[in-house]
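Should a chain be cited, it is by its letter among A, B, C and D, assigned in written order, with residues numbered from 1 in that chain.
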Amino acid sequence: MSKLVTMGEAVAELVPDGSSVVMGTCLESMIPFAAGHELIRRGRRDLTLIGPISDILFDQLIGAGCVARVEAAWVGNVSAGLGHGYRRAAEQGRPRRIEIVDHSNLSIALGLHAGALGVPFLPTRSLLGSDIAAGSAAFEEQRDPWSDDRLLAVRAIRPDIAIVAVQRSDEEGDAHVWGNLGVTHDAVMAAERVILLAEEIVGADEIRSDPNRVLVPGFRVSAVVHSPGACHPSPVQGRYRRDHDSYGAYHEATRDEDGFADWLREWVLDVPDRDAYLELLGPRWEELRDLHEALAAPVDYGW
Amino acid sequence: MGFEIGELMVAAAAREIRDEERVFVGMRLPMLAFFLARRTHAPGTVGIFENGVVRDRPSPAPLATMSDTPNVVGALWCGGMLEPMSLLQRREVDVGFIGGAEVDRFGNVNSSYIGDPRRPNVKLPGSGGGADIASLARRILLIMPHDRRRLTERVGYVTSPGFGDGPGWRSRVGLPPGGPSALITTMAVFRFPDGEALLESWHPGFDADDVRRETGWDVRLAPGAGPTEPPSDEDLAVIQELDPEGIWTRR
Amino acid sequence: MSKLVTMGEAVAELVPDGSSVVMGTCLESMIPFAAGHELIRRGRRDLTLIGPISDILFDQLIGAGCVARVEAAWVGNVSAGLGHGYRRAAEQGRPRRIEIVDHSNLSIALGLHAGALGVPFLPTRSLLGSDIAAGSAAFEEQRDPWSDDRLLAVRAIRPDIAIVAVQRSDEEGDAHVWGNLGVTHDAVMAAERVILLAEEIVGADEIRSDPNRVLVPGFRVSAVVHSPGACHPSPVQGRYRRDHDSYGAYHEATRDEDGFADWLREWVLDVPDRDAYLELLGPRWEELRDLHEALAAPVDYGW
Amino acid sequence: MGFEIGELMVAAAAREIRDEERVFVGMRLPMLAFFLARRTHAPGTVGIFENGVVRDRPSPAPLATMSDTPNVVGALWCGGMLEPMSLLQRREVDVGFIGGAEVDRFGNVNSSYIGDPRRPNVKLPGSGGGADIASLARRILLIMPHDRRRLTERVGYVTSPGFGDGPGWRSRVGLPPGGPSALITTMAVFRFPDGEALLESWHPGFDADDVRRETGWDVRLAPGAGPTEPPSDEDLAVIQELDPEGIWTRR
């Protein structure tokens, strides 16, 4: 049964106001910017954003006023450092106050892993003595029942929805993904609903030819959006490179609120969909897709 | 001086890496230090990136982030974030690099909040993997710009724990042994023999008093303190090969 | 630096008497029989065997008197049911008494996963009320710090050595493995030392061409043994099928101790190495390797 | 009777599977029941194997074990054991199959020890994944040969928990809701409406008294108990296609 929908349909039906959304699960690559921009265009409000290192995607959604709460290890601009949108919200409450639940990369990975495993928490030896854990509802100190060692229990994170990008998917949501995967697998297993942004839609037999590379059984996927270029300016292995200049330009353009508003209009609000966005990029988009081939060695699942 | 401070910092950091060690590699100077060590005295080291990449050769093209497409190509292993983090937690990572906005006399790092966290003057991006590296690596190397406001008596928020309030603190709170073994700044190198920063060396162009003036705590000298060893010609040649446009070492 | 050694060298140097050894990590496939037979030939004693479902490998080692302790979810003969060697040891203490630490598949997976993650235990909702957990040193009841729900803490398992088979490896232990993987990844990460049995030795570039398929960073591998056919009679995806008849024949032959001794002599003690073993199989070995090809779809790691 | 008991059991088990359900599939009769359900009334079901395989089409060749090479080919997903087990623990598996050496009136299963575990008369192979399926699936189906020694008042060792000692036991020990919904034997089908086995139907060639005689507990009838519905012609055609040599259904 095909789960193919447009980005607009996916966001409209699966991401209501107030949803908790995990994105940016591969860290600096495969960030689903196209979905974030659609959330902004639809004026989503009171979202909880969850992710290890979201690069500028979270900054954009926060700056656009979509976000009530952030659970993350790092929010900023990987190329330029600080994120102005995040800072304005955290420091001045503009455009609105946000609640921040601080994590480290390991603790957010463990929270999602607990959600994926179906247990209420997972223990770690990290963050003991860090102010990240002190007084946070995401953590509880506990003891190892055998050694009595101190441990930190990281509470399970179960997002309402995971939005992740994949290189190729069939129409039912059986998908191949490759490259650095970050917390993608656990995010998709922990979330109640999953939207895949697929660079390419392929036949089911192509996916089934390599079941070890399948992200997640398709029955955990709610919707598949065919959205080539969905991750620009972040990279997708085998599809396009990172557009470093975009990050610098965003940093410069969004130093103040007026600049942010202008940036948002130019790149999000006045852009109807991803195709129009890619057109706006001009010849740069072609250049970013001019890659050196690097084919994986053949694998025979012979039986 | 035939080199930049960035090049000296890379060479100094590389000297901290021993052969066969497993190194949690950050971007920029730490990554250059790792590959410099590999090319010189430590050919058996392996580099681990928290996004899920393990590699021992430089990527085929320069990287701005660890998730750039060239970093996956030719990797020894690539997967999720929990595996590199588990190597840390299993104490199989010998050394990790950390930066941050502020560091204090006991090597605690703040990369979260300047001012009251509930209403911060500056909201910094946060830990990323820094707090985990600081908690779990066998030792860490701190790399920072030297500035009196950054090298402070006591950080207002401990993102990445060093030695807390001094000897015994790590084991008291339940952390494994570890903590900073060196703080390498744009002016100097500090060591933490008993959990407290002692000035070991100052870079060319500076002396101990310069460092004192630009440091927010009462600087004490390590035994035998003196000038920082400059990068060798071989170091410089390799660094210039790794960073031909000087993006990270010379900007 | 090459880690290639012979099976004899690997077992002699890395698996002393008294070692705890995890094997059979893929469940019914890729069982490292060749290594088990070498352990028997070398007269290893007091081993602890760890694995979910070991099929007849554990039965053979137990029957040969190599084993002091078994930590497993299931020990027997998947084709025929009960394992006579295991029964004789557990029921009659012959050839020696063994200690049995009962697990379920999930609990042994979690024990190894805890070892892999570097934490002293992991919580589960399984096995509450099962006699497997009652009074076992492998489990402790605990409570979720948030909900106060009952949970079972599964103690970490950290084997001295993992012996696993792979389709191909380079000389340094960077290896590709595909098919159903069971607990292989966690076993290899949890163990102190790792021996890989490689069907094929390939160049490093072949492995590096597909880093997502690499089992584990090579630095966790202690030794690589080039041992084609190491898993017979269990199957290896893309290499050979399961030899079902061997399991039935073993079951019939080992009903009593004399029969077991005869079987052991014929198939293990009088067989110097794996090549001789495969010769003993005769034309059957050729037939088992006559497979239907099933190639994975190409993947481009282009950059 | 134009069919074997094995075929009837497969058809009876298949009827327990509803469309779109996620089924933890064992080998032999359960696997046939799963694919029969898929081919008839439940085309949207998905089968999950604990070795790490998820599939919805029969394998291209018959299987003796779930890890046989044909089971991976054409799979929807293939990986490790923790993922299928996590689906169970997340309560996303609707129904799982369990066998065993002994079952009791409350649906508890023993597949570990006959006699004192410290010196057993018979050491059985053990749980495998059975105890996890029994603990965590939303409901389970028990498939057993019918024998007075196997269907016993109280098992001596609970490998796979059913309803313990009756209503309320599962929640008291901390298990999620679940437990057996049916016990399908070579003679009969039992149900567990309140945690206790009630005889629902007896297979052709048997009556309720036969079942009583061969059951180790005092058999009580479910309301409306009667003969087991025989497999339809369509059922039989599909079963014979799935098991052409009758290895599992006709031996």
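Criterion: contacts are C-beta pairs under 8 Å (C-beta built on N, C-alpha and C of every residue); 3 or more make two chains touch, one makes a residue touch a chain.
On a predicted model such as this, the values are computed, not experimentally measured, just so you know.
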Pair joined by more contacting C-beta pairs (B-C or C-D): C-D
Distance from subunit C to subunit A - Cα centre to Cα centre, in angstrom: 37
Mean-CA-position distance for subunit C and subunit B (Å): 40
Rounded Å distance, subunit A centre to subunit B centre (Cα mean): 28
Shared interface positions of subunit B, touching two or more other chains: 53, 60, 68-69, 72-73, 78-79, 82, 88-89
Set of subunit A residues in contact with two or more other chains: 117-119, 124-125, 149, 151, 179, 181, 212, 237-238, 241, 291-292, 294, 301-303
Contact graph of the chains (line, ring, star, complete, other): other
Pairs of chains satisfying the touch condition: A-B, A-C, A-D, B-C, C-D
In the complex, subunit A residues that touch subunit D: 1, 116-119, 174, 189, 208, 211-212, 214, 216-220, 301-303
Touch list for subunit C against partner subunit A, complex: 117-125, 140, 142, 144-147, 149, 151, 153, 155, 176, 178-179, 181, 202, 206-207, 209-210, 212-213, 237-239, 241, 291-303
Interfacial residue positions of subunit A with respect to subunit B in the complex: 26-29, 52-53, 72-76, 78-79, 81-83, 86-87, 90-91, 100, 102-107, 109-110, 113, 124-132, 149-151, 179-186, 234-235, 237-238, 241-242, 244, 291-292, 294
Touch list for subunit D against partner subunit A, complex: 22, 44, 46, 48, 53-54, 60-61, 68-70, 72-79, 82-83, 86, 88-92
Complex interface listing, subunit B residues touching subunit A: 49-53, 60, 64-69, 71-73, 78-82, 85, 88-89, 112, 117, 119-132, 134-136, 157-161, 164, 169-170, 173-176
